[in-house]
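Per-chain residue numbering starts at 1, and chain names A, B, C and D are given in the order in which the chains are listed.
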Amino acid sequence: MSLLAVTDLSIDYAQLGGATRAVTSASFSMGTGSSIGLVGESGSGKTTLALSLLGLLPANGRVASGEIHYADESVSQYSETQWRRLRWTKAALVFQGGMNALNPVRRIVDQIVEPMLVHGTETTKQAATQRAIELLARVGIPASRARDFPHEYSGGMRQRAGIAMALACKPQLLIADEPATAIDVVVQAQIIRLLAELRESLGLALLIITHDLGVVAQLCDDVIVMYASEIVESASVRGIFHNPKHPYTKQLLESVPRFSGMRGVGAGISGQPPSLTNPPTGCRFHPRCPSVFSPCATEHPPASRLADKHVVACHLYGHD
Amino acid sequence: MTTVVLSQPPGPVTGEQTPAVERGTLARLARRRMVQIGVGGLGLFVVLAIAGQLLTVNGIATGSTAASIFNPPSLQHFMGTDELGRDVLTELSAGALVSLIVGIAATAIAVVVGTLVGLLAGFFRGWLEVVLMRFTDAMLTVPSLPLIIVLAAVVGQGLGQIVLVIGLTSWAGMARLIRSEVLSLRERAFVLRARSVGVPPLRIMRVHLLPQILPLVIANTVLISAAAILAEATLSFLGLGDITRPSWGLMLNNAFKSGAAGRGAFWYVLPPGLCIAILVLSLSFIGHAINEELSPRRQRQ
Amino acid sequence: MTTASRISSRIGQTVLTLFIVVTFNFWLFRLLPGNFTQLLSRAGALDPAAVASLKQSFGLDKSPVEQYVLYIKNLVTFNWGTSYVSHQPVFQMVFQALVNTIVLITVAYILTVIIGVALGVFAGRRAGRLADSVTVTTSLALWSVPTFWLGLVLVFIFSVWFVGLPVSGMTTYAATYSTPFDQVVDIGLHLILPTITLVISSIAQYTLIMRNSLVTVLDEDYVTTARAKGLSSRRVLWRHAVPNALLPTFTLTWLNIGIFLSTTLQVEVVFSWPGLGSLIFQSVNQRDYPVLEVSFLTIAVVVIAANLLNDLLYPLLDPRIARR
Amino acid sequence: MVFARVRSSADGASSVSAVAGINLDILRGETLCLVGESGSGKTTTARAIGRLVAPTAGSIRIDDIDIAKLRGTRLRDFRRRVQFVFQDPFESLNPRQRIGDIVAEPLVVHQVLRTKSEIQDRVWKSLEECGLTPGRDYARRYPHELSGGQRQRVCIATAAILEPELLIADEPVSMLDVSVRSGIIRLLLSLRKVHQMTLLFVTHDLSLAWAIGDRVAVMYAGRLMELGSAEQVITEPKHPYTSALVTAIPEADPDQPLRPMNLVGEGASSTSITGCCFRLRCPYAQEVCATSVPPLADTGHGHLTACVRHAEISSGLPKIVMGTMAAEPLASEPGDSDRMTASDTTTR
């Protein structure tokens, strides 16, 4: 039984000139304790996908089609009350950089206590406070700083507090949106190690949304690559890094400088990321693709399964 | 120190916005209903003011006999007569002229002074900035209406003096706004880049700063003119305006003093106030719409 | 900046502003049209001895610097002179007027802020919808209506169509009260129309600021976090969004006292409320300069004090400024 | 050959300054990477070298002349020789100017070219050199019509059009999408080669410094911690901070295990710390570290480090496993000759 299953999910944003599809037919599932990296550039739809998993789409966004299941229970007909019960207990969210995810006028400890009391996972204020302080200690923040306000924390501490807050109601799934962006390298390394350690000790499932391939390589078992609102490739982390299939994935990997390669920078990807309001026809990557051939501009590539976990949506594959 | 721009219409005017007005802004503005209504209202009073100059046929003074005063609207006097038997409609159109003149002239003074002070204080830091801003802060702190009253009592009550008094008490909010905008602009990367390329200061102000603050200046100009018109009306109502010219405020002052309200002369009490309200509202609508158009939130969408 | 140094720097700024205003006042009232002594004697039946003593108490026979020192000395010792018109001590007149003004504005201001903020929340959480644009448009319209005219219209309505509520003064003329309670009721009745006028005229600023502030806050990550935590939308609004959105409005309530006093001045004139506004109005028309000068200074000092109070109180609300 | 000498005394702790203890020579024709976390003073240093901020102490000398003393024509001449590319391409362009006017501005203010058509031709050529083809089309557009990567190309065109001797690029790709970053970096490197410029590349990303730098300078809390060739600094760090930075970078390789992090705390505002500004976070700190500010010491072959204990500890510092240093480049695109590899980066 999977913890979370997304099937054929599409999400639209209503805009002045009609609707923009931010996520197109996304499907994936996560088991208990698994860790998936959702990789994509800005505007590829990855944050929208994350928000939709908790029913948090902005007012102009809506699920156009598809299903989200938590432990085999469909959420598509959920009322706001049902969503509210699901949030933070089944899955919790860690925001980018942690900077703005904390209410500036409320004390850290109170913000961690709040969901426990609302969801009734702790019944008394004392017990909840006790647990909040334990959680803070768990992420490396001493009890003496629990009653601080967010601005008194450093960037790294805020991100840690955000993680402690996400653990408040013992969710099985942690959705982390760019958990290591906008903080310094050393702090980023600390946060990555903290997440890895929490996953190990608590059996947490992680959905890491990032554009940083390094974070994915170090933290995830499986990788989903998104391009222009579509999933173009998904595979195990080794499958992606050692045997990438989609030309976009290949070039993306090539453009990341690393120590364990040779010096120099890859060619990168020519052209610019497409706009979602007016996406290219056929394969959305074809205007930038070095391997483009006849069907790419007109036909949308179907997803083909190459190996157990390795699925790619590209005309180069699956046409025997 | 927290500063909110005082003595100006409430609105989302902030110094921190980055008015990247692009092509099509005017077209987008023109499509806003508030702008359409605002421009319409403004046009109405321009026409009224001009018409008043052409059609002073009915004359102002018609000898105050008991029969000719406080006449309700009739075919002869569309809007009735006042306590001296004058035609209310004629007075109204003459008042429109005064309001527009004061609005434009006082605003011009305030905008020039405010922009200059703001630009100088923001661009040339140091003692000049300290002196200018201390003075601006003091201006902002002192409540405007009592200040205007006191000044008017001192410098006199001709139209010119009124314009001067209102203009010289309305620039401080503008100065503060422009300064904070210039302060943030001069740290912006494109100004830094211009400096790094070697662009001289005057060219930076002309090419890189002025076009950026222009939309902010325009939005505030409209709002200041609304406030100036209100100030003139209030001053005239209090009997501190130019009593030789029939303005809307003066009409209301006369109505108030002659007990028009008590005599039920609604045709005399209502129109001048409505005129002020509609003219000010027209300007507020336009200013509000420009501000909306400039606000960063809109830019993001 | 530490709290202590922040406070002392704010007090320093306040003193500087006071200094500028006082100096401006001194200079302004010596620019009066006509010779000062001429004005003094013109002001009424003053015998030469009285003129001489007035001259001396204003220090008109001394150098400008000495005059200025004397001016400040008189100010701080409440030696504010006598009215040209009523010959009463200015201090007494201004003090009584100030008390009456405070009676008028206290209730009106509290109502204005509460209703304004409530309307702002109402519009802000419905941003972009019809209820929002109606609220914003109405607010702008209310702001555009001249206060004195609104008062006139109310006077008109209540003296022609709905006779009953008093439309003028603070108490019924020549009334005698059997109990102090009756007097309070009488004043209360006289308060109703001025209060309504004040509230309607002033509400827009709070509504619009609160609305804009709330719209901004509702877009912040921490509000999304609060929703993600499974809180009810009511709790998200009142516990997370509104407290943050209130901060700029709080500041506004103090900084806008000057604007509110300007509005009050008009209301007092229209409804003949014997407060500072009426006093200023009368002394301008009667060219009663000592009274005018002190009344104006009093209003300025009240506003400057409110500004200072804001800067001292604000940190208590916003923890970001309170510490470090 | 030294192009610029940057000197600021190490014991300037009395004044609160963002930068102190910098002793850095920029060599003509090299790519020098200035690396550090936020607050390390790297941007301030770079801006001081470009005379956008004035150093409060110390000096920056180009051709043995203190640039702080430059005035008038000589300052204009200096501006021609040293150009910038800034971090944020969305902010770096005046939204009211057309791209053509933006790129032409340096030519206009320095009066390099006089006639309109000359300027126009030069602008179009420059745009095309920076990958914005056809230049004629791009010149007509406004910044908001361009993507982030394209805007950064405009910034580079503006900086390169005067053919400066030193190009200072301050985090030029950190705000861009991953897929367009390489293109921007390769453009900078190729311009450097074509116009024989010196490149000062400021970045927080040590792996990027490894990829493109001839030499790498590591800054922490406004001080220079380590300086040497890219190989020296990254494969054999002598300073515990450099070592920690190398360890911290998440390597895009699932077979590399998470390396242990032995560094506590985060970023530093350090001017008030006595001795070594890094000692409170340093796992190797001893009493000696608190007594005096460690000088930049040469450990041989031009590899400098500001750690008094480097001789004892450097052999024990955690190191990463480097991949095989392949001698041949990755498959190049046709006609693409500007790929930097270990074999051709050294142009000194």
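Criterion: a residue touches a chain if its C-beta (ideal position, glycine included) is under 8 Å from a C-beta of that chain, and two chains touch if they have at least 3 such contacts.
What you are looking at is a predicted structure, and each value in this text was computed from that prediction instead of being measured.
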A-C compared against A-D, more contacting pairs:
A-D
From the mean C-alpha coordinate of subunit A to that of subunit B, what's the distance rounded to whole Å?
52
Centroid spacing, where centroids are CA-atom means, of subunit A and subunit D in whole angstrom:
32
Distance from subunit D to subunit C - Cα centre to Cα centre, in angstrom
56
For subunit C, give me the residues that contact two or more of the other chains.
none
Multi-chain contact residues (two or more partners), subunit D
none
If every chain is a node and every touching pair an edge, decide which shape results: line, ring, star, complete or other.
ring
Which of the chains are touching one another, listed as pairs?
A-C, A-D, B-C, B-D
For subunit D, which residues count as touching subunit B in their complex?
50, 52, 75-76, 79-80, 83-84, 86-88, 91-97, 105-106, 109-110, 142, 144, 155, 158-159, 162
Could you pull out which subunit B residues touch subunit C in their complex?
1-4, 6-7, 9-12, 34, 134-135, 137-138, 141-147, 149-151, 153-154, 156, 226, 230, 233-234, 237-240, 249, 252, 255-256, 261-262, 264, 266, 269-270, 272-273, 276-278, 280-281, 284-285, 288, 297
The residues of subunit B that touch subunit D in their complex are 20-23, 188-190, 192-200, 203, 207-208, 211-212
What residues on subunit C touch subunit A, complex-wise?
220-222, 224-233, 235, 239-240, 243-244, 247, 317-320, 323-324
Contacting residues of subunit A [partner subunit D, same complex]
41-42, 154-156, 180, 184-190, 192-193, 196, 211-218, 237-238, 241-242, 248, 251-270, 272-273, 288
